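Okay, so chain A shows up in both of these, paired with chain B first and chain C after.
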Partner chain A sequence: MNEKAMRSQRKWQTIIWVAIIIVFTYLASDITNFNIIHGIATLPNAITWIFSNLYITPETLERLPKILEKLAETILMSIAATTTATVFSLFLGLMGSKTTGTSSVLGVFARLVASVARNIPVVAWALILLLSFGQNSMTGYLALFVGSLGFLTRAFIETIDEASHSAVEALRATGSTYFQIVFKAVIPQCLPQMISWILFMIETNIRSATLVGILTGTGIGYSFDLYYKTLNYNAVALVTFAIVISVIIIELMSNRIRKVIL
Partner chain B sequence: MEATTSFVKRRANGQISIKSGNKVEQVMTGTIVSLSLLTILAFFFFNYAGLELSKAIPETAYNLKVMFLEPALSHFTWSEAIYQVGITLGLAFLATILGAVIAFFLALMAAINLSNPWVSKAVRIIVAFIRAVPTVLWVLIFAIAAGLGSEAAVLGMLFHSIAYLVKAFSEAFEEVDKGILEALTATGANWWHIVTHAVLPSTFTYLLSWTFLRFEINFSVAVAMGAAAGAGGIGFELFMASGFYFDMREVGLITYMILLLAVVLEIMSTQLKKRYFPAKAIR
Partner chain C sequence: MTLVEVRNLGKSYNAQTRVLKDVSFDVEAGEFVSIIGLSGAGKSTLLRCINRMVEIDEGKVIFDGHDVGSLNKKELRKMRTNIGMIFQHYNLVPRLSVIENVLHGRLGYKTTLQGVFNRFTELEKEQAFYLLEKLGIADHAYKRCDQLSGGQQQRVGIARSLIQEPKVVLCDEPIASLDPNSSEVIMDYLKSITKELNIACIVNLHQVEIACSYSDRIIGLSKGNVVFDGPSFMLTSAHTDEIYGTKTVEARKLVSV
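Showing the complex of A and B:
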């Protein structure tokens, strides 16, 4: 193909892509009643509203201890959900990976569990569990647990597949047992990457914990919802800032850890 | 012989100690130990009010059985259900595409090889702040600030999409070959020429794939916003079916619909990843 033909093919490809995107955008705004001009027009008002209402006053600071307590509950919930899910996903990951899997039936089982747990949104799990577990930390914890289980299993399968093939082969050649291979080759090799995934999951879970909290009435999400519905916008601002600061601190900490171990 | 190996630390019995002073190992152990301790602490701090495990577990098992084995629609029709899924997809699509367009320009400002260090740093700090606020809070805040409706949902989701895509796009821009930029600058091309003739052609497929990956995320975010922030769509129906009608059959069917779409989107994005990002891990 000469250069001219290639160029014109490229041009046509671009034009077709842009056309498809425009058609889809039109359809999407039609079905959702989204008016982009209205959207842009409300933006200045929205920002003015945010700056004139969402500020922290001295009176709201009195609520800080209570908010911090709820925040601690949420953070602990996210960490607990992640670490307990890690234990289970480690086994599922070992089962699902091609290098360490023992039977194809177990492998398919692990991948299926991971796929179902991951692709049903955390919100759906929260709503389902709320019906029988009621309004307490356990509901949020379990919803986050299922979501983390799905995500971490997939991440671990990928990590194990990528990292440890030659070491596993070498150990197998020396006649090591299955558990020796897993504990002396697979886990030490994959551990840094796995810890990185765990930290990533904790960051994600703290954000989703807010959402789950709004639905299940626990933790910082509940505080937000409460102040939001009673129109106490100064407290809403305080809660938001508390979340932002804790998320940023946790992100900085895990970036630090990642820099050392990876 | 002794002098040359003096930097190798040995134990009392002469074995080479391979663990001493290994910072990586220390940090990993420290992380694992502190996370385990925090987990144990968490179970003591939990609020167990109104929890009866002996009743809750069989009930949930029964609910799950009804959901997954006897799904049915009762409060709305199939065409309505598909229409609601369409709304959710529409919200996700709008947030993604508008986010991609805005993120493209912000990423040009954030990429260090195309912008000056101060602008780049400022954009990065703003993006980090936006990312730290959970999407649901943005949607709820915009719901009062901009009035209820799809505008609030799209605007709220847009914020996070922009933050995510700016990070991804600017990293793609920074990987553009330095030589190309230099060659264009030498011919006297201005900044905009460089962007349209060097940066955009060489990163276009990356940008499209990242945008699609974000669409996959935005779909589940849109479901969540429907349930938690009243943004409409299938998420809202899910919330109504479980929270108001207690209709587990309907919950089951809605869950299946979401699951099916999510799996399709995931397979598509895995194919994209395999094609365009062979070696890199995607977060």
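Showing the complex of A and C:
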């Protein structure tokens, strides 16, 4: 096939793909009665509303200390949920990985726990746990814990599987015990990746904590919900702003840490 | 003194292919033995049967009077402390320092907790530095292993195996990823430690010429069978033809490069 034929084939491929996407979009919006044109047309109105209501006034700044207190509560809860989940995930990860797994039963168990915990969204966990633990920070903590456990176990299993198998073989050949191999060969190799996943989890948890907080009535999510329902939109703006700033700061910090360790 | 006895060893990973068939040989202390053969001839499997990194299916391996196949987990670990192993890809922990990697060789002599918390004795540390000095990489002791060149990393691998105070060192393609100069350095070290410490050294190689010039004895493997076993000067082109399955001189040259 010469260059010309290949180009024209590429061109047709592109055209066909674009056509397929357009047809699917049309069908999907038709079935759900969603009008794209209408949706786009209301955008200016929505933006106008946001700018005329969601702004921070000097009076609302008085509420700042209280909001910051709630924000700190949320961030600390996220960190606590992540760190405790890390400890359990580490063991589940070691059980689930092919490199370090000792028995297939434990491996299946670890993967099952990870899959159940991860495939039910954190919000759903919060609602499920709400029934047994009631509206308090314990519920929020547990919901984040379960979500993190699932995600981190999955991530750790993959990290350990990807880490080179060679050093494990070498240590096995020297007559090392299982835990010596885990602590001297597996963890040193996986540590940067693991820390990176833990930082990512903390970021994600701070974001989800806001949503979980709305449901469980704790932390910054509760403040958001309260001001929103009392139509205090200026305070809502302040809360949103505080969340955005803190997430950005945490992200910058963890990017910095990643750069240093990797 | 016979250190390693391999008796009618057979191994198959699946029902169709037998990787090793009825392999038998003895290795004495102080002997430098090369195992040559094509990729897939069963060299790596044979080597790993000696320290039971792969399970033995048929036959026996006797190391220093112990039947390797019948040892339990604890005995197997104890036996492995006496067998050093060197790998093609060095198999170091790249993020740890050279000295830490060398001390990994002592883990077999430690309890789990001593190992996990790095409780190495002063003597062991001195021994590690002595070996690094001897192998010419003492200057790099505190560097991370991934900052070293291939030849230097392989020397760390040698130090790690020697600190085990092994009776046998198994080398799985130790120079296959190295340039000719580093290869020579590594082979010289392997040769000299074999003589100095009076240990047995079993080396998998695919370069016939290097095998001939360094080893006392060559074992040729082809499709899982021993097709040659004798002193290296007795290896003729007829034998290499059989080992490598080549007939023409040109092809043999390609193989032996």
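Just a few scattered comments:
Keep this in mind: the second predicted complex is superposed on the first by the 230 of 262 C-alpha atoms of A that agree within 3 Å, B and C clash if a C-alpha of one lies under 4 Å from a C-alpha of the other, contacts with A are read in each partner's own complex, and residues count from 1 in each chain.
Rule of thumb we're sticking to: a residue touches a chain if its C-beta (ideal position, glycine included) is under 8 Å from a C-beta of that chain, and two chains touch if they have at least 3 such contacts.
The model shown is predicted, which means the values in this text are computed figures rather than measured ones.
When the two complexes are overlaid on their common chain A, residue A:Ile243 makes contact with chain B while staying clear of chain C. After overlaying the two complexes on the shared chain, residue contacts for A:Leu191 are found with chain B and with chain C alike.
Taking chain A as the reference chain, the count of touched residues is higher for B when chain B and chain C are set side by side. In the superposition on chain A, contact is made by A:Leu211 with chain B only, not with chain C. In the superposition on chain A, contact of A:Phe183 is made with chain C only, not with chain B. In the superposition on chain A, A:Thr174 makes contact with chain C only, not with chain B.
In the superposed model, A:Tyr26 makes contact with neither chain B nor chain C. When the two complexes are laid over each other on chain A, chain A has residues 191-192 in contact with both chain B and chain C.
Note for the complex: chain A touches chain C at residues 164, 166-167, 169-180, 183-185, 188-189, 191-192. Within the complex, the chain A residues that touch chain B are 14, 17, 21, 24-25, 27-36, 38-39, 42-43, 45-47, 49-50, 54, 72-73, 76-77, 79-80, 82-84, 115-116, 119-124, 127-138, 141, 158, 191-193, 195, 198-200, 207-208, 210-211, 214-215, 218, 221, 224, 228, 233, 236, 240, 243-245, 247-248, 251, 257, 260-261.
Those residues of chain C whose C-beta lies close enough to touch chain A in the complex are 51, 53, 76-81, 83-85, 87, 89-96, 104-112, 115-116, 157, 160-161, 164. Touching chain A in their complex are the following residues of chain B: 23-24, 27-28, 31-32, 35-36, 38-39, 41-43, 45-51, 55-57, 59-60, 63-64, 67, 83, 86-87, 89-91, 93-94, 97-98, 128-129, 131-137, 140-142, 144-147, 149-151, 154-155, 204, 208, 220, 223-224, 227-228, 232, 235, 238-239, 242-243, 246, 251, 254-255, 258-259, 262-263, 266, 281, 283.
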